[in-house]
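Shared between the two complexes below is chain A, which has chain B as its partner in the first and chain C in the second.
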Partner chain A sequence: MRTILENFDLFLLLVFLGVGYVFGRIGEMRHYRSIHAREKSLADVLLFAAKRPPPEITAVDTVLVSGSAVISSDYFKWFVASLRKLFGGRFRVYEILLDRARREAVLRLKQQVRDRGGNMVFNIKFESLNITMGARGGIAAVEVLAYGTALIPRPAR
Partner chain B sequence: MQQDQLLISNLDYVPGRRIVRHLGMVQGNTVRAKHAGKDLFASLKNIVGGELKSYTELMQESRSEATERLLQAARQIGANAVLNVRYQATSIAQGAAEIMAYGTAVVLE
Partner chain C sequence: MKLENPQQADQYDPQAEQPLKELAILLGGVLALGLIAAIALAFTAGLIAPRLPFPVERDFMASRIASDPRFDAQSRELQRIADRLAAALSLPSDMKLTLHYSDEMTVNAYATLGGHITVFRGLIARVNSENALAAVLAHEIAHVRLRHPAMAAGRGIAIGLALSALSSTVGNSVAERIMGATGMGVLMSYSREQETAADDDALRAVAATYGHLGGAADLFETLKKAHPNSEGGFEIFRSHPYSDRRIEHVREFAARHGIAADGARTPLVLQLPKPADQPLPRLFPGS
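Then we have the complex of A and B:
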């Protein structure tokens, strides 16, 4: 007990690392499982980076749709990344973070399109914003926004 | 995102409709921060990682406000659509961000 109290900082660090690792891992696995399932079910909603839809398409309503998500890194990943920073190179943990945020944002956008009865989105744009908390060099969180114009077919009269 | 009669799109034209008049650029912006309580919760959530729902909501609210202001500006100059809309976000201070929306106000046939 006394050694724990004497090394309280180290103890806390280890607890945070452990909790971050376990829960971060579980959360990430769950998230990817849900991403894969929804990607399958929304695969028929097509996204185009093209600025203009083909001119033949006229009987449609255009609606601005968007999806966004803020995903945070966990303590363990943040720790790994700060060690990585000493050597530079590829930050695998942050690549995964951005991948999750981006795919989640796209899925939310696609869901909006489906809810409105459309299946095509043009002029897709992405934007990301770093929302890092705490003092400088705090745990990274990132927001990704995806937006575009959905073409919603008008009901035939 | 808010709609309100005005058509809003990030294409530079509207399929099947003609642009009668260009009225120039309009914009809307907002700066927002989270209140301290929710921020504290988010920093705890930070340890285990995953989605920070309160922040996702904050950003969505800010974006609809910026859009609302953009539409207001467009309405004031007599436009009925805003085309080529873009969003831009900048984090200005810890936990505060500016969201800006801009586009071209036009009159459609």
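Then we have the complex of A and C:
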């Protein structure tokens, strides 16, 4: 007990790292399971970076659709990343964070398209925003926004 | 025109990620860098600290060490012997020595910052002439003259500071222990080279003061006889060269410099206080 109190900052660091790691891992696994399932079910909603649809597609309305997701880092990822900053190299912990945010944003966009009865999005674009809560060195969170023009078939008259 | 979104391969497999391994590698790298930095810092501090003027050391220690007034007589007698030796070593004029007597039975003596030298009852009880006691004192005075305590303290404080980059509590406790314990000589460990250098200085001083090296040889013989098998019993030997080698060294030194290896012993004037007189001695404030 004395050792814990005397080295309270080290102890706290270990607790934060442990909590960050366990919950970060659980959240990541769960999120990827959900991403994989929804990607399969929304696979028929097609995305294209082309600005205009091919001319043979007619009788559609165009609607702006968007999806955004904010995914937060955890203490463990922040700690590994801050060590990584010393040596350089791939920011793997943050690469995964961004991958999750991007895919989640796309899934939310696709869901909007499906809800409107469409299955195609043209001119798809991405924006990302870094959200650093509080002072510098705080836990980072990232927002990815996906938007595009959805083609919604006109209801037959 | 065919419009389709083929399934893309996953870039990340969460199952295959090994963030703990990455953390271990990165932490290992950081610790290695920290270790190198700490060693460099300690080395530099060890170089700089002895270049500080001696009065800085004295001022630093002034409030940290105090003599027990009950043992004034013993301290005065130690001081008398030490001052004779100091004159023989031609100590710089600003390098003042302060001798302390400690009533503990430890067979040891140590020098610390500011020219403070403490001799324990256990050591005095074992020597049978002033010459042998002078050999110990000369050794400690030599440490002071060569600024070994400053070097050791500088190193210790530098390591404490380096550790505080890792964890403020760990670093502070190390630094505090050194600051608070300089009087106790706990972290005053000297290298073998420093000990040998101090020995040579000490033999010079003893020879110049008493005309022969009999006391030094006596000292090592006495310590050896008292514990023939385990020298570990005496703290004075933990970091010091083994007594057999030192006895040999005394003879060599005498032959090399044309000094008498033996001669008349000066009887020890110092009277040990009666053990019943005092309860536990508290030599250092706050210890």
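Everything below uses one rule, namely that the second predicted complex is superposed on the first by the 157 of 157 C-alpha atoms of A that agree within 3 Å, B and C clash if a C-alpha of one lies under 4 Å from a C-alpha of the other, contacts with A are read in each partner's own complex, and residues count from 1 in each chain.
Convention: a residue touches a chain if its C-beta (ideal position, glycine included) is under 8 Å from a C-beta of that chain, and two chains touch if they have at least 3 such contacts.
Keep in mind that this is a model prediction, so the values were computed, not measured.
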| item | value |
| --- | --- |
| Which of chain B and chain C A:75 touches, first, second, both or neither | first |
| First, second, both or neither for A:52, with chain B first and chain C second | first |
| First (chain B), second (chain C), both or neither touched by A:64 | first |
| Chain C versus chain B, contacts on chain A by residue | B |
| Partner chain in contact with A:28 - chain B first, chain C second, else both or neither | both |
| Contacts of A:145 with chain B and chain C, given as first, second, both or neither | first |
| Chain B versus chain C as contact partner of A:86, first or second or both or neither | second |
| Chain A positions touched by chain B in one structure and by chain C in the second | 28, 77 |
| Contact set on chain B toward chain A in their complex | 1, 3, 7-16, 39, 42-43, 45-53, 55-56, 59-60, 63, 85-91, 94-95, 97 |
| Residues of chain A that touch chain B when the two form their complex | 16, 19-20, 23-24, 27-28, 31, 51-53, 55, 57-60, 62-66, 68-75, 77, 104, 122-123, 125, 127, 129-131, 133-134, 138-139, 141, 143, 145, 147-149, 151 |
| In the complex, chain C residues that touch chain A | 1, 3-5, 7, 11-12, 14-15, 17, 19-20, 22-23, 26-27, 29-30, 33, 167-170, 173 |
| For the chain A and chain C complex, residues of the former touching the latter | 6-10, 21, 25, 28-29, 32, 43, 46-48, 54, 56, 76-77, 79-80, 83-84, 86-87, 92-93, 95-96, 99, 120 |
